[in-house]
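Structures are listed in the sections that come next.
Both complexes shown next keep chain A, but they swap its partner, so chain B is in the first and chain C is in the second.
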Partner chain A sequence: MARRPYVRTMDGWWKRDAFFMRYMAREATAIFVVIYAFVLLAGVVQLARGEAAFAAWVAALHSPASIAMHVVLLAAFIYHTYTWFEIMPKTMPPIVVAGRKLSPGVITGAGLAASAVLSIALLLVVRALAS
Partner chain B sequence: MPEPRTITIEVLRYQPAEGNKPYVQSWPVAFTDDMSVLQGLQHIKDYADGSLTFRWSCRMAICGSCGMMIDGKPQLACRSFLREFYPGPLRVEALAHFPIERDLVVDAEDFMTKLARIKPYIVPREERSLAEGEYRQTPAELERYEQFSHCINCMLCYAACPQYGLDPSFLGPGVTALLHRYNSDSRDGAKNERMQLVHAEDGVWACTAVGYCSEVCPKQVDPANAVNQNKTASAVDWFARFLPGHK
Partner chain C sequence: MKRSNQPVFWLLFGAGGMFSALVGGMLVFITGIAMPLGIGLPTDALTYDNLLVFHRHWLGKAFTFAVTSLFLWHGAHRIFHSLHDFGVPARGASAIACYGIALAGTVAAAVALLAIGF
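And now, the complex of A and B:
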């Protein structure tokens, strides 16, 4: 009998497994990173247009809608950061320390710790400059 | 001895001679705690329906034949136990992303062709005569590729890779892991040849780092790591051609 292999559809593939849904969430949070890049870009454009324009941009940032948006953006950023450090061990050549391969947990943990320390340091620097 | 429990096994069946579409058929199977999903399927084949078709051989997770979707996840049927799915029902389907040949048997032609393309064997860096003795290697040189040599060609990683499902021209995780195994071997001399497959559009760059391939691998080969290390290698190769003296 002639062979008749059956090909299944890929429609809705990402809903098939929780792992795929987390992957799609990781990719989707990149959009929030782009949104925030535009917020900052708007600030640079306003700065170039003069003091009044820049002051208006800063005032707009203080509006309740903007603060709500920033809370959402921050949450998305934290998730995005976490997912990339989670996948980082799979993207790197093995790191050998004292004759033993570094475990994935250590690599992810070190990445998360570094980003937390840098974020806090940046926050302190910006606050010091603003005051 | 405890009384055997019963679980319903649902199988996505496809009989090319009978109809055009796969359909679900289920059987109740009495099982003991030591029975694998493979043994459950064997019980159905022996006592309920001899036409149920599936591949298996070693029963001990080394031949790589009995990979299938078990409750939606790519797993070896010999390595998953019916007790884990109690009270059920338990759903069994042919490996995702491959065409179904019949019932739980997939068409592995594409994988086999790709496997042959990467030259999955050592091409000696330098020919040695028998009198010169064996090709020797230090433990550190072995360590560089050993993990990737554990691949058993079970194709679970392909069933876990949506990029392969969406575009089967992608070289894919398992074959790239084996490619990396031979490229990382100090005795091998065919790296440049294999790197052409890495650089290609359907090479490593088709990977979007989903990472599920490494999660489902029954041998902890971490194919995602092999693919992503080769993205770096491919990028380095690309930039290296601008350096003076580069061939």
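And now, the complex of A and C:
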């Protein structure tokens, strides 16, 4: 009878290494992005249904449970933003400037700076439209 | 050779990931925290009339359609591949579930935005 070779199980493989843990944390942000997409989808559907339906959606956003959930969502989105630009040097084609490859730090920094500028611009536009 | 459909999903994943990385956090803050608590924004900032005017413009429609659908395609693609990491085969049921939800959400957003009118 043939000996059964030892096969290392794959169960919980991502808990074995801090690098894999960070990978899974980064991938898990997708769940929160989907949740927020559904919050906004509910809003636009309620907007189409009329004033009363839309008021119900806004009232739901004012509930303490919703605010608590959005604090969690915000943390996940900030982590997503950070990791998205952290891995961008590896996911985008290399950019060559003056014969040298653009350094990963410059790419990550430029992405984070673009996010900060666009986010502030978005807040200012919403403020202007709301007042 | 059969062409792979993966580049399409990867492109939607990338576009949604970039969009959400650039302004997603601020959108969450505006709609879910700043507006309800009145931090830097009036608590009635999201009025029905304002948002109706915004979404009757094609630019407003495009913005909201892009946010909802691309966020969904981004998340669906990432969750689909993470399920594979946990041993779920990257085909069949999990593909239909992940991409199906994104497609259903995209259609729902399009129908709602068209119902709002121009």
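Keep in mind that, in the parts below, the second predicted complex is superposed on the first by the 124 of 131 C-alpha atoms of A that agree within 3 Å, B and C clash if a C-alpha of one lies under 4 Å from a C-alpha of the other, contacts with A are read in each partner's own complex, and residues count from 1 in each chain.
Just so we're on the same page, a residue touches a chain if its C-beta (ideal position, glycine included) is under 8 Å from a C-beta of that chain, and two chains touch if they have at least 3 such contacts.
Being a predicted model, the structure only gives us computed values, none of them experimental.
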After lining up the shared chain so the two structures overlap, which partner does A:118 touch, if you call chain B first and chain C second: first, second, both or neither?
second
### Message
Per the contact definition in the header, classify A:131: touching chain B only (first), chain C only (second), both, or neither.
### Response
second
Touch test for A:102: chain B only (first), chain C only (second), both, or neither?
neither
Partner touching more residues of chain A, chain B vs chain C, is chain C
Worksheet item: If you stack the two complexes on chain A, which partner ends up touching A:10: first (chain B), second (chain C), both, or neither?
Response: both
Touch test for A:25: chain B only (first), chain C only (second), both, or neither?
neither
>> Output check: A:110 vs chain B and chain C. Expected answer is one of first, second, both, neither. What do you get?
In response: neither
After superposition on chain A, the chain A residues reached by both chain B and chain C are 10, 14, 27, 91
Interface with chain C, chain A side, in the complex: residues 10, 14, 24, 27-31, 33-34, 36-41, 43-45, 47-48, 51, 54-55, 58, 61-62, 66-67, 69-71, 73-74, 77-78, 80-81, 84-85, 91, 111, 114-115, 118-120, 122-123, 126-127, 129-131
Chain B contacts chain A in the complex at 14, 16-17, 21-22, 72-73, 96-97, 99-101, 107, 162, 165-166, 208-212, 214-215, 222, 224-225, 228-229, 231-232
In the complex, chain C touches chain A at residues 14, 16-18, 20-37, 40-43, 45-46, 48, 50-52, 54-55, 64, 67-69, 71-72, 74-76, 78-79, 81-82, 85, 87, 101, 105, 108-109, 111-113, 115-116
Chain B partner, complex, touching residues on chain A are 1, 3-8, 10, 13-14, 16-17, 19-20, 23, 27, 87, 89-93
